[in-house]
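Next up: the structures, one after another.
Here chain A shows up in two complexes: once beside chain B, once beside chain C.
Presenting the complex of A and B:
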């Protein structure tokens, strides 16, 4: 039982990060219908930026993460601007374009930080806490708290601010939004910047849990994306549930199947998506003839 | 002429190894392997439109199966190679299963996930040698020819490659390839024209598995060592870049991209990061500025140039009526019995019943949102009704797939034109003219000449059809470059190419001018005279009044009136349904003298 709870909490810690990555995917997708395959690489850049500013420049960890968010937000703006001509026209081409961006970002990371990568020390004490006999990494709790806080802020932004409402409007009907005076391009750019910012937050947080390297974005991005689909693509609650489900599945698969965990995780995901293509919270899309 | 151009190419291919040293020929050998892979990815992604990010895994499965079967099971190289290709094809079949349920980015992530699962498996399982891989594969025996020499291996590769390329080109140009391209451009419309989408998707993945497996086997024979990093996601993206830069919709483009990028990668081997940066940037630029890749550049440039030249405009010729024929089928062609349709909470149709006798022109009218198109979608098989039955000549066809209905004689057009954008007008018709089952596909391997003969017959029919509908001048244009009225005409011609017994027209007059509407009415009457039963959704009341034998009025998902046009139009509830605006019914032109007054 104790082992079960420990695995579960560890899974939720990773799940919180996957949920952040998934939210980044979803906010871009719901606003502009684009799947950003470069998202994983943006997470990686965020992880590098955060760890560089906290370790090399010796800024406090939270400040380093904020700077990382700004850096990746700018990258997001660039990606959106370059791919804007394809918006709403060819889905598959945009998808491939973002894969191209991912390749570029990975190459840039190798040029700047080298190919080997580095470990990041935990910003809080590494001694595990004892909660009712279950040993929990203190940092896992920090991650969960920060992710929860970010989710609440995002929800408030979308519900309560004018800009957030404008983004919701674009998500529902870009033409109608234009008609009432919303600048669709600016709203898309905003969505992209927020998505990239969430990626940096996820990357910054996961740095101390993993090894930061140029190739870390690949599997993180794919798992975050899978989590977003699993929860229902474009849905914020779906991203959270999907992220958690993936983190927990991951953590139990790693315990049970050792090296084969990734194989099991993706096979389970494939079967799940075939049974429920629109995910848990997804809209049932109807093909309009 | 074009065949003659192949001779110097073949001679150059034979002579090439004489000019290359050991290192250079190795690079060329690897490039050929990637070219085969590129053909596979081009077929599945560029031609069939299936986002397949597992192509590198098919490659890996071919190579690993060959390695395991030779070193662990002790089979001879060629037996192992044949089995390995079969394994790759079988895996292609399995990966196609998700494609039946999900498409586009969903399919992308599923296939990428499966590719990662494959890498995870080979790096962990002892049979596959873990991260070390498997070395010391046997040299493929070849009648005493020493294939350890990469110069001689080149000849083996070039033969396989030439056959593979020829087969791929043949498939793309054939009816099967046309159907795949139609499916890529608009899978709904392709289904409505009789293309069985599930089988086509599976075929595309099988082809991609076949080429992946072949490339894998050649790679195993060439390098005689396999390790996980060859089949990494990074190399998948490199392969993707090859196909995108070359031009995914053109097989030759894919080959050119694969060869160019493989050579470039060798040249820049010492600067691999800059190479990665470079090809990533080029991919981004390509998708934005030249989505058809290098292969599409000539056409893009020609289009740029000809825009400045003022050519004489082609003209739409009049429609030539077909010989009158007796009505096909007797009794009731279509019967809709108590059909209801719900989407979540929304009730789109409520207990709708109507009967269309064979040979009738039936009008279906009603305000926007009254469920007219939903009704069409149920009759043509896109939706399965929540309740009720649909009978086609007395047979229950509820829940029958669109492509099966198309084969049973139901054709339709779409409210918002669904022509295949990247196919020419002629090809749009050819897709509909081809009535063969996709299961007929085995002939592509066994009897290619039968396929060629079949295609020639189809082309003759297409020429006649183009002529009949006055479209010959536009035969080789892409539909989206043509005016709206012509596109409407093409869609009707395409639906008629199915030789249907029941034709469903969804707002055929929308966007047409008065003259075009008159011609449309003539055309519809002539189609009926040739024995086709027609159901027409239309807002142009003048057209409905003058054309239809009987009119059914829908409002809020219910049938509120059904009868002769003149009788129905004056019913108070019908007038009220149109927003209580009698003017809406009578605001029309001269050809509707019997319209309500």
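Presenting the complex of A and C:
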């Protein structure tokens, strides 16, 4: 039982980060119908920015993360601006464009920070809490709380603000949205910036749990993407459920199947997608090209 | 249709990309055969990952190699000829490696230094053997020695040596017999796992736990909780630098109190910083290169390394440096000639290097000892008389 709970706790800690990554994928997808393949690299840039500002410039960790969110948000805006001429014209080129941006960001990170990467000390110094023999990292609790807070804020933004409503409108029907005076380009730019900001949040939070290097975005990006699909691509609650499910599945598969865990996780994912092609919260509102 | 500033933004990433592509595939083919002719520079290839998961290893190795070659060139080269060092990026990928192997074979290179990844070196070995190009690799998988290729040499001991020394110290010197293993199923991790398990077996020790993880895994709760419940005295970690660090950190967070033990990765800076000082305290490390302070030679090497690159030297740079120096000694003996003559010369080279005294046997292994150190306050402190 103790081992079961410990594995569950470990899975949830990483699941919260996968959920944030998945949310970034989904917000761009639901607005533009585009998979941003540079997302994993933006997570990496966010992790570098947050850790550099907190370690080198010695800013408090939360401030460093906020700066990282702003920096990567700007990168998101640049990506969207460059791709905008293709919007509604050539969808495949836009996809390839995001892949190209991913490669460029990775190369830039190597130029700026070098290839070796660095470890980030945990901003929460306290020892793990001991709950009936189950160890809970204090930092994991922080990550879960921040992820939950970000989710609530994002949901409020989409539901309660004019800009958010405009983004929803663009997601459903860009032509009709344009007709009622919504600026589609601005709405897309907003989605990209929010997506990149979420990536920075995920990257900044996972830095102290892992090791920050130019290639860290690869597996985080793939797991986050798979989590988004698993939950229902484009759905915000789906991203949360998918991320958590992926983290927990990962954790248990590692315990049971050891070296074959990766294989098992993605096999389960494939089977799940075959049964539920639109994911758990499959909304099919988005289909634009 | 497109305003022109936009065009510039569009083309900038493309330009960066094409630049990268250009720099990574220049050199081969040009001046083919110059290395053989007895005039002009002697061409040596350095193959190491400069991108991808293993690029940190590749960068360290390249720095060590470059330092050695620059020193030789500055002191007048080999018989008056400069050594031309060309860097190839194998991306840590055996397929890319075999393609590069063919390029090197056609490009007039007399020798190859690298790679840092055993799997890549294993894939390239047959091609280099056919082309009679000696290769001094940084890989340490026992499989490399098992090939017995007359053109393949290692610049470090194999995992067997690392783990034999480690097992001997833990079981015989310290009397610790309750041992648990955690290793990844990549080439390096598997080599470590098999070698350490074999060393335990010869001492009649059966591990309490033998957990296998994947090289890409991030959360080790399940494996480590299982290990904690068995209360081992020692936890052996067989994984690369960063993953070893994550395992150590999470082990301590989950309340595993065992002494941590492992090979060379556990003496490196990425491991120490990833795990954090509290987690690494008291860990036992088996490595042929413990500190930059060990001897006169290592101090000189570390100082030169620091001047050249502005960072502290570590084991990978040191062994790559040794490998390059051995190649230079052998080239001096052959007067710059390659092929079988150079392979024979490398085998005959007796070299007092940073890692110890090199003397190659027929399996291409030149050094057969590692030392034991215990980590105290983030520093490797050598254990004397092991």
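Heads up, the rule we're going with is that the second predicted complex is superposed on the first by the 277 of 289 C-alpha atoms of A that agree within 3 Å, B and C clash if a C-alpha of one lies under 4 Å from a C-alpha of the other, contacts with A are read in each partner's own complex, and residues count from 1 in each chain.
To be clear about the criterion, a contact is a pair of C-beta atoms (placed from the backbone, for glycine too) under 8 Å apart; a residue touches a chain by one contact, two chains touch by 3 or more.
What you see is a predicted model; the values in this text were computed from it and never measured.
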item: Overlay on chain A: chain C relative to chain B, clash or fit; value: clash
item: Partner chain(s) touched by A:85 [first = chain B, second = chain C, both, neither]; value: both
item: First (chain B), second (chain C), both or neither touched by A:55; value: neither
item: Touched partner set for A:35, first chain B, second chain C, both or neither; value: first
item: Touched partner set for A:141, first chain B, second chain C, both or neither; value: neither
item: Contacts of A:14 with chain B and chain C, given as first, second, both or neither; value: second
item: Which of chain B and chain C A:226 touches, first, second, both or neither; value: first
item: Touched partner set for A:110, first chain B, second chain C, both or neither; value: both
item: Touched partner set for A:100, first chain B, second chain C, both or neither; value: both
item: Contacts of A:259 with chain B and chain C, given as first, second, both or neither; value: both
item: Segment of chain B intruding into chain C (one of 3-11, 273-281, 291-299 or 453-461); value: 273-281
item: Overlap of chain C and chain B interfaces on chain A (superposed complexes); value: 82, 85, 100-101, 103-104, 106-108, 110, 115, 215, 218-219, 258-259, 261-262
item: Chain C to chain A touching residues, read off their complex; value: 1-2, 6, 9-10, 13-14, 16-17, 20, 50-53, 55-56, 58-60, 184-185, 211-214, 216-223, 225-226, 229, 242, 245-246, 250, 253-255, 270, 273-274, 276
item: Partner chain C, residues of chain A touching it in the complex; value: 2-3, 6-7, 9-11, 13-14, 78, 81-82, 85, 100-101, 103-104, 106-108, 110, 114-119, 121-122, 128, 130, 135, 137, 209-211, 213-215, 218-219, 247, 250-252, 254-256, 258-259, 261-262
item: List of chain B residues in touch with chain A within their complex; value: 49, 51, 97-98, 101-102, 104-106, 108-110, 112-114, 116-117, 120-121, 123-124, 188, 233-234, 237, 240-241, 244, 273-274, 276-277, 279-284, 286-288, 291, 343-344, 373, 376-377, 380, 382, 414-415, 418, 506
item: Chain A residues within the chain B interface of the complex; value: 35, 37, 82-83, 85-86, 90-97, 99-104, 106-108, 110-111, 115, 215, 218-219, 222, 225-226, 229, 233, 258-263, 266-267, 269-270, 273-274, 277, 284, 286-287, 289
